[in-house]
């Protein structure tokens, strides 16, 4: 695609101060950029400012290669964390799965319809079960069986594979292994997990059984970034579904599956459209 | 009201066996009762059967005073827990409050419109703040200030007052004291609490602050029966509301208030209409 | 499957009178049937009684072939509309499609996971587009191109094909043709359509565009039985999704697709589990 | 309140062009204003730009009296519709009611808790029924009985009263009269109505009965600005609630009441916080 039909998206966070919106929008305006979308948020607790601005690169007076250098002085002055994304550079996303197909199926389907603007160069699994599904969509499928003994070694090989494929985002689509820090640390704020409960309730194993036994009237699913602490990463999206005494555990798992695929897809969608900023343990998700 | 315009409601649970629906409905039919509503549920896990049947007492061949004696042999044969309620005998409900008015306001309002078919002979509080609100609705308001030293003694006085007023149901409408076992044990399965979180998440103190700090995208409220274990009683009703990074803690508390009043009202409504059966740690709520 | 592991389901409606539940449940009890689930409803407006009873055929004293004859006298006395279904006889369902794949995809997927207990002997379409999808699931795909001139003739051929395949239920999964009365009348209360709006709002063509132009804040989808009057058949299921000024028409259509597949699937699921009774222009859907 | 603790809010719409955000935010920045919140939207269909900016007047280099004059040249250049509101100048809102109390009750309650930052100088009604409720909150209550003969004359008197009280917003809280153009035209985009259905479905009279008879599975409520065409004004907020065959018409009306009070309150809240911009037949509601 010709990059001049592209959109640039700035994601930035910095300590709040006067003039931030004005100076950032002026940076774009003075280079003939037309702002398509702007969202900002001030977290009064931490005194931090967060912004997402998207502008049309068509007619922009400098090329996409030059933007970062041009913006750097401003960012430095603001002591900002920042990144500029170009819409024609689709995030390269690896999907990790085990045996459950519903989340993978949903992602591949929506990817196929063009709803998820990302590349999926490969799927990684510790089991062979979903190989056929991957094949239907012509996506390379790599199996790395995991045991306690070989886990570190297998992850090292996965990591190499991800690097070879220039992967920048990892989606755990009901991947039933806890990642070690070598993988987590390699993709800070770029590994998305789906947990099959309304976190923080029912973290850990068998959340549907826990929910069933506690007799809750609503079950949930939670998509979050993976950090070093299990189930503790910043939450991107959650949703719930109502259940009743009529629902058996099996039913509840079935309803939960529908929830998981919806919640994970929404989180992935927000992430690849560069709508998510991490604020400590929390996220800002611009709609 | 003339009891012959009344409805009888049987709530029964017993070990499942063949013929329960047939024999219970036959008991009603052979006495010329017209069944208005029947719901049943079998918990295959525990092998227990639960039923709620409502029938018209108009034309019923025995009087409401005679029903229990007539039904007892059947119940004994089924080894059942059971109770027969008459719709013209409205549950006598005491409401316990502290300083928050929203739940009390909601209950009194709906009671006033006739939606909640119960008597409210009195309101109990450990603070004076809501006296005026109670007065607006002409309901006696009793203040029992609570300190660690006088708690047992004050509860004893409350208990006497409840007995004097023939109270059968207690609603804790954001009552900010943990009840001791003397009160809990006096009303088994008949004390309803509203917890301002999506239990089991954020049990204990300050759940909104916990939710805010965890960065959840959805907050909840839970109404449950009070048992000896804090926040562990059988859940009657839950609901949730979506929040975002824009919501301050104050906002979140405000949204939570709306949720609390709705969830508590629904739970109270189900209880006083005799739609709730307790099944161990869980409830069956017939709709 | 051995029919003795089967469940029998009675769907019945008749004028309300005393003793219906008792006599129906007694019919089952005296033949050693264990009731698994019973739901009933009285429509006080029309004075009609509706019931769904499911019982275990294991241990039942008469065979599934004999049930209807045994029950007929009772049904006649009650002047009832009724039908007894056996769970091992799965409804034979034909799916009609045009070019949109999402509803078909959803049905096939859930059918594949075992959630929809039906047979799908064939798919009918007026276009070739979804042939590949049908092939992936190994389901015969029949194309009948429709023009105003050949419509009656093509429908006649479709009808023959449905009869040959002993189809009892037809699902219109975004089939973009209005059926004529010869097809509608051949499957009374057994053709299920998905309309892409919150009926009765935006009936007719282009409902998403209508919704977009009216500036509604919520869009819906409606699944209903097909009758002679367009979009006027009894509604089985509806659901909605929130939209905002940010949603373009394209976005709205995308969100609507998700809604359609969910709503249609729920309606089909209720129908094939024999949970739906038609009450004039309305339905009773037992949960 | 000291206006220097106040917030200024600009609502503006104009044809889209390059540099709008930059120049508007620069106008604020160069006068030492700290932007607290900024939302913008481009309607690509109509080519119109919409913005809401809130900034702190504390430290702003010009007084609140001088802002409009200072901003006028920019607005003129942009050919904009615009208005600057100051948070310490609370909208003066008249509430019109008839006999239903639930919407009025909700508004007064939330106003009392400080959630609705508006003044309510008076309540207008065509019936006396809600006088006591108004008195409880110490708000003047004016009765103008309406008949076909006196309608124009009574409205004229109402209009005078509104002007005397410097009312800028009118809320029809289940006011059961259709306003004539003399009143509608006097408050363009400033009269908010609650319609007890999911518009455009069931416009006109008796929407709950219409919904009941159609057998819908979901009912709704719609809050909209009043224009010359009945039920056709721009929609501000809608919500829905699920119903079933169990719901009688009476039940449905009761559930609808809960919906109406929530939907109207949200719409009023958005309006008085200056979050709503009208875009032809539609609204933009910034969250």
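Order as written gives the chain letters A, B, C and D; numbering starts at 1 within each chain.
Assume a contact is a pair of C-beta atoms (placed from the backbone, for glycine too) under 8 Å apart; a residue touches a chain by one contact, two chains touch by 3 or more.
All values derive from a computational prediction rather than experimental measurement.
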Third chains touching both chain D and chain C: A, B
Per Cα centroids, the chain farthest from chain D: C
Which of B-C and A-B has more C-beta pairs touching across its chains: A-B
Chain centre separation (chain B, chain C; CA means) in Å: 38
Separation of mean Cα positions, chain B and chain A [Å, integer]: 42
Multi-partner residues of chain C (each touching 2 or more other chains): 244, 246, 287
Chain C - residues contacting chain A, complex: 105, 109, 115, 136, 244, 246, 254, 258, 262, 287
Chain C to chain D touching residues, read off their complex: 41, 43-44, 198-202, 213-218, 220, 234-240, 244-246, 248, 279, 281-285, 287
Residues on chain C engaged by chain B in the complex (per definition of touch): 18-23, 25-26, 28-30, 32-40, 42
